[in-house]
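Pasting a structure here, questions to come.
So that you can tell them apart, the chains are marked A, B, C, D, E and F in the order they are listed, and the count of residues begins at 1 in each.
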Amino acid sequence: MSIVSITRIVRFNAAHRVYNPALSDAENQRLFGKCNNPNWHGHNYTLEVTVEGAVEPRTGFVVNLADIKAIVEREIVDVVDHKNLNLDVPFMSGTIPSTENLVLACWRILAPAVAPARLAKLKLWETENQYVEYDGR
Amino acid sequence: MSIVSITRIVRFNAAHRVYNPALSDAENQRLFGKCNNPNWHGHNYTLEVTVEGAVEPRTGFVVNLADIKAIVEREIVDVVDHKNLNLDVPFMSGTIPSTENLVLACWRILAPAVAPARLAKLKLWETENQYVEYDGR
Amino acid sequence: MSIVSITRIVRFNAAHRVYNPALSDAENQRLFGKCNNPNWHGHNYTLEVTVEGAVEPRTGFVVNLADIKAIVEREIVDVVDHKNLNLDVPFMSGTIPSTENLVLACWRILAPAVAPARLAKLKLWETENQYVEYDGR
Amino acid sequence: MSIVSITRIVRFNAAHRVYNPALSDAENQRLFGKCNNPNWHGHNYTLEVTVEGAVEPRTGFVVNLADIKAIVEREIVDVVDHKNLNLDVPFMSGTIPSTENLVLACWRILAPAVAPARLAKLKLWETENQYVEYDGR
Amino acid sequence: MSIVSITRIVRFNAAHRVYNPALSDAENQRLFGKCNNPNWHGHNYTLEVTVEGAVEPRTGFVVNLADIKAIVEREIVDVVDHKNLNLDVPFMSGTIPSTENLVLACWRILAPAVAPARLAKLKLWETENQYVEYDGR
Amino acid sequence: MSIVSITRIVRFNAAHRVYNPALSDAENQRLFGKCNNPNWHGHNYTLEVTVEGAVEPRTGFVVNLADIKAIVEREIVDVVDHKNLNLDVPFMSGTIPSTENLVLACWRILAPAVAPARLAKLKLWETENQYVEYDGR
């Protein structure tokens, strides 16, 4: 019973400011540099959502990717797209909106949401030269 | 003795219809939606073929990638390119031509064909927003 | 009054067979080679739709691109996506479905449909290595 | 004396809100939809800067592209990167930060800045599916 | 009689050194910087070859792109691929191998070679952030 | 304590000749084909550098990617960019400059250089159709 993974890519864009409100302005500037701009900056994000499992003989699918896409759009894209990650997104509230924290938050939402499909990996691009990956470890 | 993987990317295009002939028309439509179009649709596929092994000191290669490319073109690309996956491709006969089943069929052909090189992973893109991966598990 | 162009990119996939029913099988094979496969093949197409005009001071837009996207999806994407260009698409009926003829057909539909915006160019990719362009000349 | 164009691509990211402060909230929402989010959103922008001219025999260059890159980084990228287009960028002050207005502002700055090289075209991507172009007309 | 353009993309890689043997070492270093490395450096080049004309009713083609591809591979790719532009390529002999001069040399070869098709534009990428274009002016 | 990986992509270009000086000319030609061109050829390389670890609560970062970028540029990019891998790069001296050997050499340099961050993977693209990966095994 072969295990195949299947990935759907979605895109959204958002504003954010990477800083820690518990630290001084000087320390925030030292740690986060231009990402600490008080008036925000933003990105086009690309999120690769990978689920895995055995191939169901009746459909030839691990899972119907249209269902996965609908879940990811409802749970993630509709919540963050054209939004401010610091101010507008409940699931990022109280969290420094680094790419690392964003991918972890997406995992916590998507892992139960895609069940019984098994979430295997998330890959989140912040720019074309930078991405994070998380696989539940 | 370090283990390095090396990947060659090939491309082909094909028509297919995703449906299960054992099911009713209504059930096929419910399961496969627009992918069930009776007059077919098609894709530009991209296949990433990864082999791995130790680096041979005489060549600096894990394997001569020109040999891998020739094998993949003969065994896969020449068989599926500009073809109908349901009607024209012997190795997909009797199989629902989902991306999952296509990647598994490619694995069954390529794993022995590239020996003694060890096939490590296949990644098959159906559109720029969707891909499957298989690593022999 | 500066003239700016703005482009929206849409994607669809379709099956087709490139051949001329008025010619013999041998002549079709000589002219079209593997694109003449009787059981069809297919592509992921990318269409870049460019309109141009002066920037409206009230909006900062040449045109609301959301409107252009809606028109292109209704007039083109919904008609050709997951379809057979030879059999399923009324606006390609009786036409050899080459990329050239497909881009001309899209122009004939979109030029009046986007009015009063002025259609300036269409660029249609059939594969990542081949595209056609038409600007109304 | 052949005229060749040469293009350098630069990237930056920024936050913005697309709205017209002279209009009501309801009118802004109708015109700009989710781009009107009061807490901003953002993008990774890609700017293609094209200059053209005859090839200088002594160098084989139309212009030293390193010089163009330095000018574009100083005049544009350093001013907009990781900034808020509405609040932080002097050359966008009082302007709706649509992609159209941003490309026109870049032209007004770069055309004299690259002289004696001749600015031929700017192409500005806001997302991977949307771009504007301006050539000085 | 509509005029459509059609483009084929080819790729090759080559070594080169950008310098003018008539100038001093110091002047070469000042003009060309790291591109003047005496032991060469290299690139993966991408060449977009655009021809244009009316669509032939019998084929739906402006020109058979397979013919254009064969001409470009024979006249350009086979001559420059995996070669040194300064030492190995007859058509670049005595020329500073800048991207500008390379695109002009390709034009001089391809314009007559693709006849009776009409060469409309060449676009040559040296890196993913830099390209030149020439249209015969 | 979740383990997230974060990747920074850098680019450089270089000339090389893939051959083994201990072998005859004929044997080199048989093994390496056009990559054995005595006058060199070259590539635009893309290197993806992945480090992994727990997310630090004070910053939301696994590691400050600006630090990783500075290390990779100093240790790798500044040494190989616009250079000849056979002649100019001390860390490749006496090594066949295959992609496999280049990725292993980068690992040996970067694994200690990024400490205390943990290097998790390197992915090195030689062309858009070929890459190698190494994860320290």
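Here is the rule we go by: a contact is a pair of C-beta atoms (placed from the backbone, for glycine too) under 8 Å apart; a residue touches a chain by one contact, two chains touch by 3 or more.
None of these values were measured; they are calculated from a predicted model.
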* With chain centres defined as mean CA positions, report which chain is farthest from chain F. => C
* Asked: If you average the Cα atoms of chain B and of chain C to get two centres, how far apart are those centres in Å?
  -> 28
* chain A-chain E separation of Cα centroids, rounded to whole Å -> 41
* Asked: Just curious, how far off is chain E from chain B if you go by their C-alpha centres, in Å?
  -> 33
* Counting only residues that touch at least 2 other chains, which ones in chain D make the list? -> 128
* Where do chains touch, given as pairs? -> A-B, A-D, A-F, B-C, B-F, C-D, C-E, D-E, E-F
* Asked: In the complex of these two chains, what residues of chain C are touching chain D?
  -> 2-10, 50, 55, 58-62, 64-66
* To do: Would you pull the chain A residues touching chain D in the complex into a rising list?
  => 11, 13-16, 34-35, 37, 39-44, 81-84, 87-88, 127-128
* Interface residues, chain E side, partner chain D - complex -> 18, 20, 23, 31-33, 95-101, 103-104, 128-134, 137
